[in-house]
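Below: a set of structures, written as structure tokens.
Note that chain A is present in both complexes that follow, paired respectively with chain B and with chain C.
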Partner chain A sequence: MSSPSTTLPPVPAPAGRPGTVPRLRRRAGHTPSRPRRSLLLTVLTGLVLLYSLVPLAWLVISATKTQQGLADSFGLWFSGDFALWDNITETFGYHDGVFTRWLLNTVMYVVVGAGGATLLAVLGGYALAKFAFPGKRAVFAVVIGAVAVPGTALAVPTFLMFSTMGLTDTPWAVIIPSLISPFGLYLMWVFASQAVPDELLEAARIDGAGEIRTFFQVVLPLLAPGIVTVLLFTVVATWNNYFLPLIMLKDPDWYPLTLGLNSWNAQAATAGGEPVFHLVITGSLITVLPLIAAFLLLQKYWQSGLAAGSVKE
Partner chain B sequence: MRMSTRRLLRGIALISALTLGATACGGSDDGSDRKQVGAGDIDAALKKGGTLTVWAWEPTLKQVAADFEKAHPAVHVELVNAGTGNDQYKALQNAISAKKGVPDVAQIEYYALGQYALTKGLDDLAPYGADELAGKYTPGPWNAVKSEKNVYALPMDSGPMALFFNKKVFDRYKIAVPTTWDEYLQAARDLHKADPKAYITNDTGDAGATTSLLWQAGSRPYTVDGTEVKIDFSDAGAAKYTEVWQKLLDEKLVAPITSWSDEWYKGMGDGTIATLAIGAWMPANLASGVKEGTGQWRVAPLPQWKAGETASSENGGSSLALPALGANKELAYAFTEYANAGDGVQTRIKAGAFPATTADLRSEAFQNTAFPYFGGQKANQVFAESAANVAPGWSYLPYQVYANSIFNDTAGQAYVSGTKLADGLKRWQDASVTYGTEQGFTVKK
Partner chain C sequence: MTTLETVAGADRRPDRPPARRDRRSWAGWGFIGPFVLVFAFVFLAPIVYSVHLSLFRDQLIGGTTFVGLDNYQQALQDEQFWSSLSRVSLFLLIQVPIMLGIALLVALALDSGRLYGRDFFRISIFLPYAVPAVVATLMWGFMYGTRFGLVSDVNDALGVSLPDPLSPGLVLASIGNIVTWEFVGYNMLIFYSALRVIPNSLYEAAEMDGAGQIRVITAIKLPAIRGALVIATIFSIIGSFQLFNEPSILQKLAPNAITTSYTPNFYTYSLSFSGQQHNYSATVAIVMGLITMVIAYVVQLRGMRKES
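Take a look at the complex of A and B:
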């Protein structure tokens, strides 16, 4: 994640002399790359950083403003009155506290949907990686194909199918499609075939462990980094899911945060509606915080997962 | 599609004929006419009770639903905000296609009503007695909900046009409030010259606003007779509109701000946007969205195309309709009538809605309401006069929702490129003709 080129002291350009690389490697010690500072790269990285952080900064700053202040003041700096706490209280209290309901809905969709999707991906990925069975190539084709089809394209057929089953406008209509994560399955498949040595499985079998015990006691710990990665992906996807709930749900009581905030935003655009842009912004800030927290807390697992298999012992 | 539309229309005609025939034969239990039978059925249904699903985004309906439940304790009204405008129409279309989850009552704007009435089937409310309500409503909304013999919805609110203007801005630069569109153009020039940051209004291409102004200018681009449609933007009214609006665009006198954005609300507060020609439902939005404009804004009659005239038109407004696939018909009608013709109307007026009922518009209490937001002006007098002066003969396309959705790709190009507005309207016309033909309408240019 962090780029060594920006953190290390400047070093004269090596100019391709033989022996430069070992010397530098000695000096830099822990870093495997050449600590050459490139001005262009630094500037580009800085721009990208700015590009990614400015919207977030805007969100944080705007959440401290009143509806009035939002209109009057410059977007990227604070206005006179600091209304963050008022905004948060108002967000949770507006329309009989429906925001809390949406927050709980989202948490439920994430726990059941993303949790279930991860569980299925882990089970399926492990099975596909370590067991031979007829039709495996066909499964591979289906999984790859499923990765390529965007969820948006499937939303309307899914809606028609669910409505035949009478499941639209129920939380199941959001949870059941969220349980399927082709990309997560593929990732677990690749990860499991790398991270779980066949020899270990054989050893476990020889020691007399059944398949289920082997899975839980031997395989699962080895897969932990992969599981966290898949979990992060599915959590983000479910947390941010908008289109599927949009067409499935009509009852605002089952809305996730994404839909709920959009409906608050939309009420500014209707006769007799009340514009509450300050609540939409504060609500959005509250909505992104858990994701940021999840990334920060799970970062070490995730990073070790990304590096797995890159080094040959 | 074309055949099925025809068949559907024939079906509707047949059903209407059968209903009439049945009542003519005196087939009903107590031998009275169909309306009274309907009323008896409705009373029975209200006593029996049940759950009624209403899809609407109109905020004042919340109190109406609560009152209705209080009056009829056996009935539970499930008020669902399934989205605003287009979002709701998509959801409704989805539900109708799936034949599942269709609400018993749906809020539908006037411009979108034709689409559902003609192709997907809304219940005809005439057998429930809705045709008797004709005299209750102002002509604009009433024409929008009925065809020759069917009533597809009951008008909920209306949007007779008026000119909202920021008096403070006009006073500061000593500009007279325009009474004709020519004066409006001149005021736009004077204002922008006096303050380069101020614009007479905002416009980035809005199908609803454009059709309303065409309506007022006497243009009648859409002629609809069943499945036979004529689309023609080449009449004199359209020419009057494009001439003035083209000048506004060419001289960059309208602010490039999209309506309903936060920038729009902001612009009305800080004087960037000096006027709005918009429907009479706007005061509630100004009061809640542009608090800093309190006391600064006023309402005037819509500028005229010819000095001394009083022509007006409608902008927005919506109705409650009964989708054919919905259930609980009697309850649904009872609620619709309560909300749009009965006690619900007063409840909604109190919460800031603008009615479509003549009696309420004429009532002294309504006319004499002083708006603190408009510096104590009795703005309803302007609106009510506008409602009475709505020019007759306007109709929307049976697929106006689609047509409006392509406005910005066609006519709206005039706002972002060098295209002339008149050419843009021509393109809008062509695209609407093509789509209509594909959908099975007989479309003439």
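Take a look at the complex of A and C:
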């Protein structure tokens, strides 16, 4: 994240780059490199912060309420009875534990789909960045052009095609389309262009390392922050996917969490259906937590990966 | 893959015979090949297949027959299609500027170094991106609701009656709010990452010229992140034209306000899965894809032209 340091004569450092420029003025005052903190600006940005966090607070608070408590109490404060543990138990136990099944399905789609998408994007991005091969321009034009094609516009034709091949209502119908992430390929291409020096590749080749060995021993470690970034974004895309499984799957045994939660919610609207809003809310919280945890734990890696990715734009 | 292993040996000679280039080419294909194969299967094949489908029609009598461009003609005269298209266009014209504007302001505020607790702001505002659209819509749907929603809480507490966010007049704005909530942080992060890599020397030059904060923003920061702004705009346009998840999930809460042809994508979905009109559905999807590509292309041209 550090900006290139300067060789210019000592002038006051620019705004917004604390620490990246040698601090020559050590006055206690506010140099432009250490601008005065603004309470007003913090409060204004705080409004957007509230907007972002209040719904999540609502979700956490609501997950502690019973179905009755949801209707009776104020949305942003706890009701008398703290039912979070009961709700969690009931969520996992409802309908013979189908929630566990959906959770495991989602994990499978993520491991195979997002893992595979990341692998293909890393290999492809590296090839685009570091190799000259015939047809490279064509590959590039087609992939970039296809990014502009709305993914969901393709979904119905993909369903029809998969349907004639007998792939619908199987996990493959969800996994195979998840394997392609044009955004991941783009990010990896930009990242590999910068992170892998040509001299290093030349050196490895002169030392007699084959392409595969060079890739695993020299290139892969250098790409690590980019890989974490791509992996995180493909994981989010797969974990949160709704439209694709919606059209591809009929059998609830193959549902991911998103489809399952929606089916519980829709249950209340059907005749004679039992409303289980407290389970929908608790299940939603359980669905959200792993991704938020991943983003928080891996912050350093994916943010540096994204910053490098934006250089070329 | 063993051919790849032998490539390095040829590199040792400095005179680089032409054969080396060819073998290196194969090495490149070895890495990109798997991506291209799967890409052809899940992107190119469905496009070709849907073009094929769009040229046929399922008749009650006579089975599937070739009808040329009849389906396209029908789509261009389809009122349901046009009203769904104008609905997402209206959505796009209002929601996207608001969302990107807020994202840009927050990114500039973070980048100015004037905030207390900058890192906390950055990660917290980004978090909604990690929430699935299904969960986001269910959450906001509950909060909008009159049964145990925040709107009804406010009504009870203050003795007022706020308009129902799920009424036909307001539901589009309510969807806009959900989409804005989901993607403000994501766009903010794209802009912020682009701002962080602006070279210091530009700020130093501006400093010596005596430029103020506003001038630095308009003369340095905004031009420097133009690429990121254009890309975020294009992604947002594509996203608006594809709108499906939020309206389809909210439909259960607002069945009177949201029809099955509420957005173009919802329309193609309904045609295919409720109406069994696969051929016509493919046609509408193609027309919509073409419109999206043209608009994305025009925006890109305009955005890049100003750069020179």
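In this section, the second predicted complex is superposed on the first by the 268 of 313 C-alpha atoms of A that agree within 3 Å, B and C clash if a C-alpha of one lies under 4 Å from a C-alpha of the other, contacts with A are read in each partner's own complex, and residues count from 1 in each chain.
The working rule: a residue touches a chain if its C-beta (ideal position, glycine included) is under 8 Å from a C-beta of that chain, and two chains touch if they have at least 3 such contacts.
These numbers were taken from a predicted model, which means no experiment stands behind them.
K.L.:
For A:Gly272, decide between first (touching chain B), second (touching chain C), both and neither.
P.N.:
A:Gly272 sits against chain B, while chain C stays out of touch.
K.L.:
Applying the document's definition of touching, compare chain B and chain C: which contacts more of chain A?
P.N.:
Comparing chain B with chain C, the partner touching more chain A residues is C.
K.L.:
For A:Ala71, is the partner it touches chain B (first), chain C (second), both, or none of the two (neither)?
P.N.:
both
K.L.:
Once chain A of both complexes is superposed, is A:Tyr242 in touch with chain B (first), chain C (second), both, or neither?
P.N.:
second
K.L.:
Using the touch definition from the top, say if A:Leu49 reaches chain B (first), chain C (second), both or neither.
P.N.:
Only chain C; A:Leu49 stays clear of chain B.
K.L.:
May I ask you to decide whether A:Ile180 touches chain B, chain C, both, or neither, giving the answer as first, second, both or neither?
P.N.:
So A:Ile180 only meets chain C here.
K.L.:
With the two complexes superposed on chain A, say which partner A:Lys250 touches: chain B (first), chain C (second), both, or neither.
P.N.:
first
K.L.:
Let me check the overlay on chain A: which residues of chain A are in contact with chain B and also with chain C?
P.N.:
70-72, 156, 159-160, 247, 266, 269, 277
K.L.:
Quick check on the complex: what are the chain A residues that touch chain C?
P.N.:
Spelled out, the residues of chain A in touch with chain C are 1, 3-6, 8, 11-18, 20-21, 32, 34-39, 41-42, 44-45, 48-49, 51-53, 55-56, 58-59, 62, 70-72, 74-76, 120-121, 123-124, 126-128, 131-136, 139, 142-143, 146, 148-154, 156-161, 176-177, 179-180, 185, 202, 204-206, 208-215, 236, 239-240, 242-243, 247, 257-259, 261-262, 265-266, 269, 277, 280-281, 284, 287-288, 291-292, 294-296, 299, 303, 306-307, 309-311, 313.
K.L.:
Would you mind writing out the residues of chain A in touch with chain B in their complex?
P.N.:
These residues of chain A touch chain B: 67-68, 70-72, 156, 159-160, 163-164, 166, 168-169, 246-247, 250-252, 263, 266-275, 277.
K.L.:
Report the residues of chain C in contact with chain A in the complex, numbered from low to high.
P.N.:
Listed in rising order, the residues are 1, 4-9, 11-12, 21, 24-32, 34-36, 38-39, 41-47, 49-50, 53, 102, 106, 109-117, 121, 123-136, 138-140, 142-143, 147-150, 153, 157, 181, 184-185, 189-190, 193-194, 196-204, 206-208, 213, 216, 225, 227-228, 231, 234, 238, 241-242, 244-245, 249, 252, 265, 268-269, 272-273, 278, 281-282, 285-286, 288-289, 292-293, 296-297.
K.L.:
Quick check on the complex: what are the chain B residues that touch chain A?
P.N.:
55, 57-60, 80-85, 87, 90-91, 94-95, 97-101, 157, 159, 259-260, 262, 265-266, 269-270, 279, 281-282, 284-285, 288-289, 291-292, 316-317, 351-354
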